[in-house]
Every structure is written in structure tokens, then in C-alpha cells.
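Take a look at the structures below.
Presented sequentially are two complexes of chain A, the first with chain B as partner and the second with chain C.
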Partner chain A sequence: MVSVFRRPGFIISTIIVLFFLVLGYLGNINAISRMYVSNGTDLMYYIGIGLAMAIIMSYAGYVSFGQAVFVGIGSFSTGYVLVLMNRSNIISYLAKIGSGGRISNTMLAVYFTESLLLAITISVFIAVVVGYAVLRLRGAFFAISTIGLDYVVMYLVKYITKTRSPFGGEELLNPSMGLTDMTFYWMHFILFIITIYVAYFVKISKFGYGLAAIREDEDAAEIMGVNTFRYKIYAFALSGILASFWGIAEAFRKSYSIGYFKLDKSIIMLVENVVGGIGSFIGPIIGSIIYYLLEWSFLTTVGQWTLVILGATVVVVVAFFPEGIVGLLKKRFPRLRKWLE
Partner chain B sequence: MRDVLVVENITKRFGGLTALSQVSFKVKEGERFGIIGPNGAGKTTLFNVINGVYRPDTGKVIFKDTDITHWPPHRRARYGMARTHQVVKPFSDLTVLENAMIGALFGPKHDSITEDEAREIASNVLEFIGLKEKADLPANVLNVQEKKRLELARALSSQPDLLLLDEVLAGLVPSEIDVMVGLLRKINEEKGITIVMIEHVMHAIMNLAERMIVLDFGRKIAEGTPSEIANNPEVIAAYLGNPELALKFVQKR
Partner chain C sequence: MLELALTGGAITKGIIMGLIYGSVIGSVAIGLTIIWGVMKVVNLAHGHIVVFAAMMSAFLYLTYKGALLFTPPIAFIWIGLLGAAFGVFFYYTTLHPVIGHVDTMTLKYEMSSLMATFGFGIALYGIHYILPNYVHSYSVNPSIGYSIGAAGHTYIVFLGVVIMKSTVLMSVLGFLLTLVAYWLMNKTSMGLKIRAVAQDARALSLVGINPVKVKVMTAVLATALAMASGVLFLGYSTSVYPDIESTVSPLCFVIVVLGGLGSVLGTYFGGLFLGVMYWLTLELTGQQSIALAVAFAILLIAMVLKPDGVFSGIERKLSFRAKRG
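And then the complex of A and B:
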């Protein structure tokens, strides 16, 4: 068997990671390059949430409208860590350096790690509790139940943030604290490396084979010895953990917002998978890049019409290439199959 | 020889319909055991009870001296029971080799097997089954006969002790049936795997099975060797129809 390091998916992941590494190093030269850094940060976010969704949707074949909940949990965790846990620290910092002063990289790393741990804990808890109930459902019934998940958790969080005094309203304290774009870029980069390699190694592992079996025929998978229920819960939780990472990243970069819980975030993740092609690792990456490029180019040209045009694009893709871009490529160029893991 | 599978007084009802009623039989280790009967007799339901898709209303399933009546299907697979389906269920988007690998990865050796070992077992099985040259094609491009073989390859890759075959010969042309029958005999004799098979192709099962039971309306109406079955008046009335024809099947071997 080919060693993992020479497999197409690993090579492609590494090329993408190197691309972002180089972009980061070249980024801080002038105003134009800094614009690309900002684009690169966005792109990592989009690929990141696409791959998080891929674990449950592209690998296991379960369409979930609820994954935005986990992005929301990530951003909530960061908000909680910054505002509640370390509030006194921050205040003393700001008092010392004056508002707009930088917090040290060490403290940043501590907050970052705390956010990760908190987000992972909450995500696993919700994924297991919810998964235990709804992963008995299949197909459309599962999808619909996850819409419910989205709203329940969102209003629960709204209630909590409104009734706890330090949160004030929906918006938390803006946690950016005068950090530069480059800091956020490297934070995204760390999470990006974790996300892309975790997603790839899941795909080629025994777990990944089990999920593929579930996607293709769940009854046959169960009869062949795959513990389908347990695997689905693992996939749901892992997808949730990875999604929460991107909530953390965005909360550091922008701010905590209830918006991260919203259904349309789930739909973006879902569209990235559908456009790229279900069943593969490369598909969601391609889908995310295309989605990002389209959104970016439409936002700069047609502004408010972006969503309308994106919606129309999705309709066209689903109508004409239901297997997504990867499915289309596989059909047209069977020799590429090996590369489209 | 010990009994590898013991089915005791299985009754299964769906609402008001009794699909299986007090069915009992024993399968010895290394045996080729047949289950025949008219359409709707409960044969596939019986398989579904044996491998855990359905829970029986009463009765027990004992596999390798362990009561597995309440085990979920995946646990039975890991304990050494493999099955093929009447309506094939390939993992369409995966390659033929990957299909077989999944059988190996999640079979009885699931907790110790590596991916490389699974790949090797799978490709050996594909060679044995005669699907080697299709190994890297996606399963959905196979024809019906090849898909039937793939079902068998997946089941064999798990290296089971007991193989449940649900009409593997259905839909095959006579020449393919002969090849498949030879293959099944080889699986049983060379690999020592116990086979329990549902079949409608009479000359094949009469040839292949050492013992068999006959189901009719969910009841076991007969049990015995193929020639005993072919001469059993109740079976002839319920299923075989023409006794002379039935005897001819047996004599062919």
C-alpha cells in the first residue's frame, strides 16, 4: 500500500496548507498584500466549516441543518472565556496598557486554549445528547430534526446571554483588543491545519470506511459489522468539534454574535458540500473555494443581490450535476478517480 | 460435530400476520444447509431473525453456543456471521476492493486487523471469487452477476464461520449458476465455512445442500436430506408440485 504521505489527498492538503503558510509570510508587506491576508483568513474559515460539515454530510451521508449550532458554540465559548472567565484579567490589562493596548501572545494562547477546551466540551455534550435522540432518524427526518436543534440551542443561548449581567445584550465585549490581522491569520492557520488533516485522516481510516459504508447503505453496513449508531454519533460529535473551532476563530477575529448559530450558516456549509460533491474529502474543499470565490466576487460587484445569485447557482448545480463537481469529474475523467479521494 | 447454529421455536408476527411460527432447526459445523419454500413462506424473515434485523416474538437463536437472540446485527457479524442479500446492496460509490475491505475491517477480526491486512484479505477473496480484474472499479458499474459475486466477496472477506446466502443464484443464467454452485462448494470445502442458503433454483440446491428444511406459511413442514425432501408428500403438495421432476433433480447429482 502507498504510504499515507504519498496519497493524493495528503499531498493536496499539504499543498493547500503550504499555500496559506506562504501567504501568511508574504502577507505583511503592503496594503494590497494585507487585503489578500484578509481574503486568505476568510477562505480558511470557509474551507474549515465545509470540512467540519463534510464529516457528517460528505462521509456519513447525513444532511444536517444543525452544524451552525456548533460554530455558535465555538464563538460563545470564546466570548465566555474572554468576558466571564478572564474579565478581571482583561480589565487590568486594559487599565495597564490603556484601551487598544495589546494583550501578550502568552495570554492570547491561554484564552485560545481555554476556548478550545470549553468549545470541545460543550460540543461533545450537545452532539451526544442530541445525536442519541435524532441519529435514530434517517434522511429527511433527520435533516428536519436538526433544524429544530438549531433553533432550540440558539434561543437557549439568547436567553442565557440576556439574563447574565456581564453579557449585556446579544453582543459581547468585542474581544479583538487591538490585535493585528496577522495574529488572527495565524490563529486561523493553526485551526486550519488541525481541521484539514483531521478530516483527511478520518476519511482514510477504518472509521472513514465505516462512515462510507453507512452513507452508501446503512443496513448493509450494520449487517457487515459496522456499529452504525455509535459511528454516527462519533461523526456528529467530531463534525461539531471541528465546526466549533471556526466559531472560536471568528469570535477572536470579529466578535461573539448570535448570528453564528443561525440556520444560514448551516446552509453555507451544506452548499459547500453539495457543490463540491458528497462522498469525498476533496469535494467539500473544492466546493468551499468555489463558494468563497463566488460570494466574494458577487459581494464586490452586485452587493445585496449576492444571496439571490448564489441561490440560483446552487439550483443550477443541483439540477445539472447532482453529484457535485467531484462526481462530474469522476464521470468525465475516470482516470482522475484516484486523485479525487 | 457441534451445532454451529441452533434456531429454537422462533415465532415472528407482523401485526396480525404470523410470518414465522415455532420454527426450529440445527445446523452442524461445516454443513451446507438449505432453506426452501414457496414465495412468502418466511424464508427471508427467518434470515432477518437469525442475523438480527428483526427481533423474534418468541424463541431463541444460538450461534456458536452463545444465545445471540438480543444482539444487534453488527455484533453478530463481529462474532462470525456473514450474510448476502437477495436484493444486492453494494456500496455503489466505493470500489469493488473497498467493498470487500469493509467486510474484512468490521468482521470477527475487527479489533486487531490493520488496513493493509484488510486490503490483502480482500484482494485474495476477490481473486478467489473471480472479481480481481474489477477491483478498482466502482461497484455500481458491475452487472447483476458480478454484483452477486461482490455480495459474496464482502461476506467472505470478513472470514466468517457461518455464511447466510439469500438467493445468490436468482437472476443468473444457467452457465453462471454452475460456476456459482462450484464456487459455493469450494467455499464450504476449502475454507470450511458453514453455509445456510435460501434458494429457488431447485436442481442447484438439491445438489448442493446436505440437509434442508422446507417452510410453508411460516411453518416448518419438513426437514431432511434432499432425497427425503423430494419424496415427502407434504412438500410435494406445498411446493415441488411434480414428484417425478423433483426426483429428477436429486438424481442429477
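And then the complex of A and C:
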């Protein structure tokens, strides 16, 4: 048995983490480098939601349209903590230290932890309660019922924000905290480290092998002694927790909005997994990077045509590379197989 | 906290408005039930196609200052026919490369067709943003151009409920569209072929019918119905914008699941039920978000308790009675 630290997946994820670490240190030089920092923040977000989805979709083979509900819960938790609980605290603190100030690191850490705890609690509660009912379904039926889950929670949250938001309506705008892009970058980075290593260690653990068995043949897995139902609930909850992290990260940066619950978010996670290739750990990462690069390059070159070209690209990829990038690479370059865990 | 306004008037209004809304939204979902229930393609582009048709017809209606040809009650017929041509385009660009020569749909093909239709959907959504003179939303004045067969006032009062005449007209047209779809699917040889290809494509080719042609027909029928009903949706809601897709599309999924996959009449009744539940909640609580939450909670409950569809039996019962009669 190869040591965990010498396995290709671990090495690749460490390389990615180091890349973001170096980018963070080199980033704060001038305006152009800070643009790359902001790109890096977006990229971490995309890889993060891709890996969160991977646990339920790529590892366990259950396609969920509703993982965006957890991203939404995460962003709502942040909105709740920053706006509904602590808005007046932040404003009075900033007024005390004068203009141009920023909130202290202790305060930031407290709000961050509070958001994490709130998001984890709600996510686990929803994943276990709803998962207990809907994880008995399979295939497209499970996928559609998660749409229902997503929209039920979304409209309930909409009702809460409508009645309790200090701005009226559905908005929960973060109070200005004087934070820079670099702060947001390091907050993303913390969550990124957690996400990528959790996703990897799940993949190579006994739990991960159980999920793989469920993906290949659920009935056979059950006969072989895998407690499939419990494993599926764990996977659903874990995937939800990781997805909610990214809602938190983005809401600190861009404020809570109802958009985090929208179906498009789930579909982006799904596209990343399918483009990369189902069943692997590297697949969703490659898929996320490709998705992000495509979206970003189209956005900067073709402007308003982005959605049209992106849609056409997805159609072409699905038609010609149904196995995903990882499947294609494995077929074409058998030597790479060892590296494509 | 929520305050319930439990009065007779609210309940009557909820039921009447719900039936009108349900009839329209039920007819919107029929295109999805055909392509998903029969061809096993989870068509994520359905909502986009519906909204695309609505946007297009609103644009034409406003450009030509409400000429009779572009009023929703007339336009839904020819935009539906245009939708048939659009369906051929949709099939050959999106579905044919993925499932054109597949005999039985496994989960893998289901997922790749889902992805492909998603790609087509966002491309269609993007088209709204590249058109010249782009407007973020269109509003159609309901009092102009809907006067066919309902001259005079824009509103009628029925059982103390004020109803817009145009919405009644749209719900009646939605019902007629449903009947046409039911007739096409259950009483013609085309419908028979479409249902046959879903069961066994290889057996169909054994008896001398080209399965690809039948798949094209399915996509054409579903797209034509989607575009026709999109115009009805415009006539009902009188204002439309690209982002309304994010409400229409999930509601269609709820209705199709309630109605049972592939059952046209079941879907229509699912639409009526959902419409009534939505409007009752809206009238009783006065909160649109709670009403929509209830609608999607119905989906969750229906999926867990009765994944085959709550109203799927209706079609079987009706056809049985028709045979005996």
C-alpha cells in the first residue's frame, strides 16, 4: 500500500493548493496582479462547488439538481450573521475608528465562524431530514425531487428576508467592512484547502469505496454489506456542508442574493462534473478549470455572446466527449491512468 | 408572523384564479411531459423555449402596434407551427448527436441528453441579450387586441371575483391546446409510433419504421407545443422577461411529475391542481414566496409518496370509458 502522501491525487491537490498559495503571496503587487488574484478567487469558488457536487454525483452516482440549495444556505447564513445579527455592531465599530478603517481580524474570525456553524447546522439538518425521504429514489426522480427541495428552501428564505431585511424587499447587503480583495482571497483559500482535502480523503477512504460500489451497482453493494442508505445520507450531508462553505465565501465577498439558490448554480456544478468525467477525483477539478477558463475567456472576448457560445460548447462537448475529459485521456494515453485517480 | 385570511371570498377567488392559471401553466408543461415521458429526455431547454416564444411574440406584437396577426390568440397558432420547424433544428443540433441511434435510454444517456439540452437552453437564453434594441422586459396591454369574442370591458365579475377577460381566453385556449395534444398522442398513428419508440426502438425498426424519424417527430411535437403555449403564457401574464424562465421551468417539472410522465391529460390536471394550490395559498397568506414554497413542497411530497404521478390514472380511465362507449 502506497503511503497516502505519495499518492498521485494527493500530490496533484497539494500542487493546486501551493499554486493558490503562491498566487496569493505574489498577487498583492499592483493593479494587474490584483486582477489575477480576483480571477484566482473565482477559480477557487468554481473548483470548490465542483468538488462539493462530486461527492454525491461523481463518487456516489446520484445526480442532484438541488445542490445549489446548500450554496444558498451558506450565503444566507452569512447574510444572516452580517446583516440581521451584527449590522449595527459593524457600523458602530467602524464609526468609532473613523473613516477608511476596517473591522478587526477577531471580529472577522467570529463572524466567519458563526456563519460556518449556522450553515453547517442548517445544511446537515436539511440533508438528513430531506435525504431520509428522497434518497430512496433513484436516477432522474431523485434529481427532480431535489429541484423541489431547492425551491422550497429558496422561497422560505425569500419570505424571511422580505419580512426581516432592514432594506425592505429581498436584499441583505453586507455593511461595508473595509475588507480588500486579498482578505476575501485568503478566506476562499482556507475553505479551498478544507474542500479539496476532504474531497480527496473521502475518495480514498472506505466510505469512498462504498460510494463507488453504490455508483456501479447499488443492489450488489447492499448485498456485499455496504449500508447503502446510511452512506448516501452521509454523502448528501457532506456534499451539502462543502457546498455551503462556498456560499459563505461568496456572500462575504458579494453579499447574499437569492441568485445563489437558482437552478443555474446546480447546473454549473453538474456541467463541471460531466465535462471532467464522472467517477474520479481529478475529473471535477479539470472540469471546473475548463468551465471557468471558457466562461472567463468568452466573457472578455465576445461579451454578450458568452451565453450563446458557452451553451454551444456544452452541446459539442456532450456530443463528442461523452466520457468527459478524464475518460478521453484514459483512453488515449493509458500511461496517464495512474495519475487520473 | 403569517396571518391567514380565511374568508369565503378568498377561497372562491383562489379556486377560480387557480383554475385559470392552472389551465395555462398545465398547457405549458405538456411539451415537457411528451419529450421527457416518452423520449426520456429531461429537457432543461423547455422553459427557455417557452420564454423564447413569449419574448418573440411580445416583440412582434409591440413592433407592429398590436396588429391582429400578432395578438396572442392568433399568434399562438402560427408561432406553434414555427415551433415545429424550430423543433427540427433543436433535435438535429442537440439531441441527435447524443441519443439519435440509442435504442434504450440508460442513466448515462439520460444525463448526457440533459446536459445537451441545458447547453441549448442557455444558448437560447443568451440570444435575448444579443438582439439589437434589447429591452429587459416586455409588457403587453391586455385591453388591446384581446377583444375577439369578448368585446367591451376588459374585466368580468364572476361570483364576486374580478377576472381579466384575456386570462379566461388564454385558459380556454390552453385547454384546447391540451385536447389537440391528447388527440395527437392517443388517437393518431403518429402518437402510436411515438409511444412505441419509447418502449422499444429496435422493435419499431423491425416493423419498418425509422426510429430516428419518430424521434424527430417527438421533438417537433414537444417544441411546437412549448412555443404555442409560450404565447398563451404571454397572453396570461401580459409581461415577460428572460429571467422568468427560472420560475416557469421548475413549475413545469412539478406539474409533469404530478401528472405522471408522458400522460397529457394527467399533466393538464396536475397543472390545474398546482394552480389552485398556488392561488389558494397566495390568497390566504398574501405572500407569493410562501405560495411558491407550497408548490414545490407538493413536488417533494409527490415524489416521495407517489413517483408515478398523482393524476396519471385519469388518462387511463378516460380512454377506457371512451372504448366502452
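Assume the second predicted complex is superposed on the first by the 331 of 341 C-alpha atoms of A that agree within 3 Å, B and C clash if a C-alpha of one lies under 4 Å from a C-alpha of the other, contacts with A are read in each partner's own complex, and residues count from 1 in each chain.
We adopt the following convention: contacts are C-beta pairs under 8 Å (C-beta built on N, C-alpha and C of every residue); 3 or more make two chains touch, one makes a residue touch a chain.
As the structure is a prediction and not an experimental result, all values here were calculated from the model.
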Query raised in the report: Does chain B (first) or chain C (second) touch A:Ala140, or do both, or does neither?
Result: second
Query raised in the report: First (chain B), second (chain C), both or neither: which does A:Val17 touch?
Result: neither
Query raised in the report: Which partner does A:Glu222 contact after superposing on A: first (chain B), second (chain C), both, neither?
Result: first
Query raised in the report: In the superposed arrangement, which partner chain does A:Val110 touch: chain B (first), chain C (second), both, or neither?
Result: neither
Query raised in the report: Where does A:Leu328 make contact in the superposed view: on chain B (first), on chain C (second), on both, or on neither?
Result: neither
Query raised in the report: After lining up the shared chain so the two structures overlap, which partner does A:Ile194 touch, if you call chain B first and chain C second: first, second, both or neither?
Result: neither
**Report entry** Residue contacts on chain A - larger count, chain B or chain C
**Finding:** C
Query raised in the report: Contact residues on chain A for chain B in the complex?
Result: 1, 205-206, 209-210, 212-213, 215-217, 219-228, 279, 337
**Report entry** chain C-facing residues of chain A, complex
**Finding:** 63, 130, 133-134, 136-137, 139-141, 143-145, 147-152, 154-156, 158-159, 162, 262-264, 267, 270-271, 274, 304-315, 318-320, 322
Report summary line: Seen from chain C, its contact residues with chain A in the complex are 42, 44, 93-94, 97-98, 107-108, 110-112, 115-116, 118-127, 129-130, 246, 249-250, 253-254, 257, 287, 289-290, 292-293, 295-300, 303-304, 307
**Report entry** Touch list for chain B against partner chain A, complex
**Finding:** 51, 53, 72-75, 77-78, 82-83, 85, 89-94, 98, 101-103, 105-107, 110, 115-116, 119, 138, 154-155, 158
